[in-house]
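Presented below are the structures under discussion, each in the form of structure tokens.
In what follows, chain A forms one complex with chain B and a second complex with chain C.
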Partner chain A sequence: MTLKVKFYSLFRINLKSAGTEYKLNSKITIAELIKKLDQDYDNYFTQKLLEEDRSISPGAIILVNGKNIIHLDKLETEITNKDTVTLFPPSAGG
Partner chain B sequence: MGKIYEYKVLRVDLTNEEIKTEKISGELVKNYLGGRGLASKILYDEIDPKVDPLSPENKLIYATGLLTGTAASTGGRYMVVTKGPLTGTIASSNSGGFFGAELRFSGNDIIIFEGKASHPVYLSIMGDKVELKDASEIWGKPVYETTDLLIEAAGNKNARVSCIGPAGEKLVKFASIMNEKDRAAGRTGVGAVMGSKNLKAVVVKADEKQVEYFKDEMMKVVKKQTKILKEDGVTGEGLPALGTKVLDNIINSTGAYPTKNFQFAIFEDVDEVSGEALVEKGYLQSNTGCYGCPIRCARKTKLPNGRSGEGPEYETGWAFGADCGVNDLNAISEANFICNDLGLDTITAGATIACAMELYEKGYIDKDELENGPELKFGSSESIIYYTEKMAYREGFGDQLAEGSYRLADSKGHPELSMSVKKQELPAYDPRGVQGHGLNYVTSNRGGCHVRGYMISPEVLGVPEKLDPQELEGKPKWVMTFQDLTAIIDSIGMCLFTSFALGLDDYREIVNAGTQFEYSSESLLETGERIYNLERQFNLEAGILPEEDKLPARFDEPLPDGPQKGISTKYREILPEYYEIRGWQEDGWISEQKLKDMKIK
Partner chain C sequence: MKNYLQRQQELFTDKQQQRLEKLKVMIAGVGGLGTNQALQLQRIGVKKIYLYDYDQVEISNLNRQLCYGKNDIGRPKVEAAAEFLGKFELETEVIGINERISLETKIPNDVDIIFDGLDNFESRFILDQLAAENKLPFIHAGIEEFFAQIMLVLPESSLRLKDVFAGSKKQKLPAVFSPAVTVTASIQVLEALKYLLGFDNYLNNQLLYIDLFNNQIEKIDLS
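Showing the complex of A and B:
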């Protein structure tokens, strides 16, 4: 079992990657996951997902198993090996 | 020169081939702005809402918005307003490109087509010369060829063409009107009304720009708003890069991506058909934009077989893709090109095939009826191409499909399998996964539609703020505000996509700058409310009753899969509150007093 992280939209195109996986020893929070991703992707995700005060950027979409973390515990939402985290930059259409 | 708040109207009597000019100004413009609003007021005042939409008694109105043709960002849109044949409601379909601005430049702000021509005709506006011309030679031709031939006949390669394809001529109930080949006034069957009048096209080339407004005042605002649009994450980055198809993975991930005629809410092959796939497969060539647009969300695409065009957009890709269970992006793009060239609304076309697939798989359509056509099975890429062509020409089984999913399913004894509201097919969001959007579906004045109050924006995308899609509290007010604001944006001729970055105060600022009117944000929003109420009143008088403010029974069943599994629609819990804050009666009707207060009657 691993934690799956999926990249979409400009993340996927700019990083030329559909995502990554982590094998975790214990639960972590989304804030900790972003730090982990930053180490692997040159600080890309803090810049794209967070404001300077480290709140979630308006319009950035972070889903845990399809649910937006804004309606869970925001950046403190806990995740484990069986979860899927999906990341989108601000996006719209219709 | 024409001041933007003094509308010049061309009244074209097709029966007698007479063209007159009139003017509209003053209170009517202040109360209804232009475009969708003003044209709806004209339609309400001039026709009996009970008329047969495809009879000569119906009127077809081309209307530019209040700011169309000015320097306003995205200010190039025109609307076609009429009584729609798919729904029987008032229809208003909105298109970008360059045609709308050119029409405004020509000094003709609104065209009212009346009656029915005795033979195929088109309206030619070349500078001051306005005339009806014979279209017998181009009748029957598809959109691309028609456009090329009419530009050639105009003798000016910069002439702009808005026309119907074979689908409009054959009175397909969801025929579109197309301009610049790929831009569509798509929904509600406006193209069929045009076809019923024997009107093939409108061609326009202005000699000089007859658009007068307070330019210096407006330019200051335009500069500011263009900067906002360019710096915004959505309008400045996401939409230019991926267009509307950025949504496939978002809506699928949240479990609201209708699959196989809304039987499921997750499409397992989404990675094959998404906006990202369009880039990764190399189909996307470049992005392009409409008149005055800093966003530039349109896609120029080219398929491995060499065929090229624009799109598919999110809704189109979904309708022919997930909704039909098809994972072949090549076939989906091909079906989109066919719709554009033959003049079909892509959402209803794809969703009607999806409905037919469910009817067929459940045994309600006989194989014999398909006349040797491919079997209508979910996942069949062959079917979506084959039946799209057949429905445009009303050939074989296509003749039944050309009536839309509701009439098709009803004729087979199973109207409940049509995923429509007021007989128009729902777009690409399962209302069980986004409760406010479900309320918008049932109260939309043109039936199943996402662009009358796009609640996906706050409920999924977090713009302007993130709302919980399953929370009901406060949603009626949000829906009403979005619906009224959208009516304003449509009536001033700007693109709805600007609203991802701009708000009510910005629209007030640009309208006031260009016209020197003195709207407050409240009085401008009240104008949107007036337009929404007038459309509702038209529908009520047409016999579309409040009982039809409802979703198909399928949505009372729980979502079968995805992160929102087990949830069903809850719109009934908030519909009474919506009526109340709208100031409507408990039964959904609008009181005479309210109509008087709103200056509708």
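Showing the complex of A and C:
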């Protein structure tokens, strides 16, 4: 079992990757996941997912098993090996 | 069956075709997505289309909003779109309502589904709330650059648009252009039809993610 992290839209294009997986030893939070991703992707995700005050950017959606973390424990939402985290910038236009 | 629909006859059962020709739809926002939805829905022979928008046609609309030309600049969108669609002399009734979507909006009582043709999440959350209050299905789409997402929200669904897109705000004017907008609106119409005509593979608690740059369409399970 691993933690699956899926990238969509511009994240996928910019990183030339559809996602990654981590084998975790224990639960981590989304904030800790972002630090892990930053190490692997040159600080990309802090820039894309967070505002300067470290709140969640209005230009990014973070889902844990299909649920927006805003409705869970936000950046303190805990995740573990069986979970799927989905990251994408929502398309707003029409 | 309307005589100009012969070529789609084999796609549907008689019952589905009859249902299709009785459909009454509301399009909220007659911009890029909304004009494309209206054109498709008229072509496939729905009975009635309500167009909602409060804006006038601007020059920046013309790269993707297919019901307008330069001569329409400054005209109310719903008036120009209804006139454009009327010129085809197909049998769909098109009713333009020059009104901004708000919580006070009265949804016509014969509507079968609401199409999202809006361009910002704040208005979409209001539209989703109206759909929930009126117990109507609502099909969302958003498009930016080569990327889009589509979500069908059913009347009985406890999962609403805000549950997925809470916190989303337009940060800058999104880049949008006709080919990607047209594909997205067409898939939105297809997905709505799958549900309305009783096919069993409609989007149910799923987000359809569309990447037209890499030719990838994927369903993301929501919970």
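The rule is simple: the second predicted complex is superposed on the first by the 90 of 94 C-alpha atoms of A that agree within 3 Å, B and C clash if a C-alpha of one lies under 4 Å from a C-alpha of the other, contacts with A are read in each partner's own complex, and residues count from 1 in each chain.
In this section, a residue touches a chain if its C-beta (ideal position, glycine included) is under 8 Å from a C-beta of that chain, and two chains touch if they have at least 3 such contacts.
In this text, all values refer to a predicted model and were calculated from it rather than measured experimentally.
Taken together through their common chain A, the two structures put chain B and chain C in a clash.
Using the contact criterion defined above for the overlaid structures, shared-chain residue A:R12 touches chain B and also reaches chain C.
Residue contacts after overlaying the shared chain place A:L72 against neither chain B nor chain C. In the overlay built on the shared chain, the residue A:L50 is in contact with neither chain B nor chain C.
By the touch criterion stated above, A:I28 is placed in contact with neither chain B nor chain C.
Judged by the touch definition given at the top, the superposed model places A:P90 against both chain B and chain C. In the overlay built on the shared chain, the residue A:P58 is in contact with chain B and with chain C. On chain A, the patch touched by chain B and the patch touched by chain C overlap at residues 6, 8-10, 12-13, 58-59, 61, 63, 65-68, 70-71, 86, 88-94. Residues 232-234, 237-239, 241-247, 249-250, 253-255, 271, 274-276, 279, 297, 313-315, 450-451, 454, 456-457, 461-463, 465-466, 468, 496-497, 500, 562-564 of chain B touch chain A in their complex. Every residue of chain A that touches chain C in the complex is listed here, in rising order: 6, 8-10, 12-13, 56, 58-59, 61, 63, 65-68, 70-71, 86, 88-94. Looking at the complex, you find that chain A touches chain B at residues 6, 8-10, 12-13, 18, 57-61, 63, 65-68, 70-71, 86, 88-94. Those residues of chain C that touch chain A in the complex are listed here as 29, 31-34, 116-121, 141-145, 147-149, 163-171, 174-176, 181, 205, 209, 211, 213-214, 218, 220-223.
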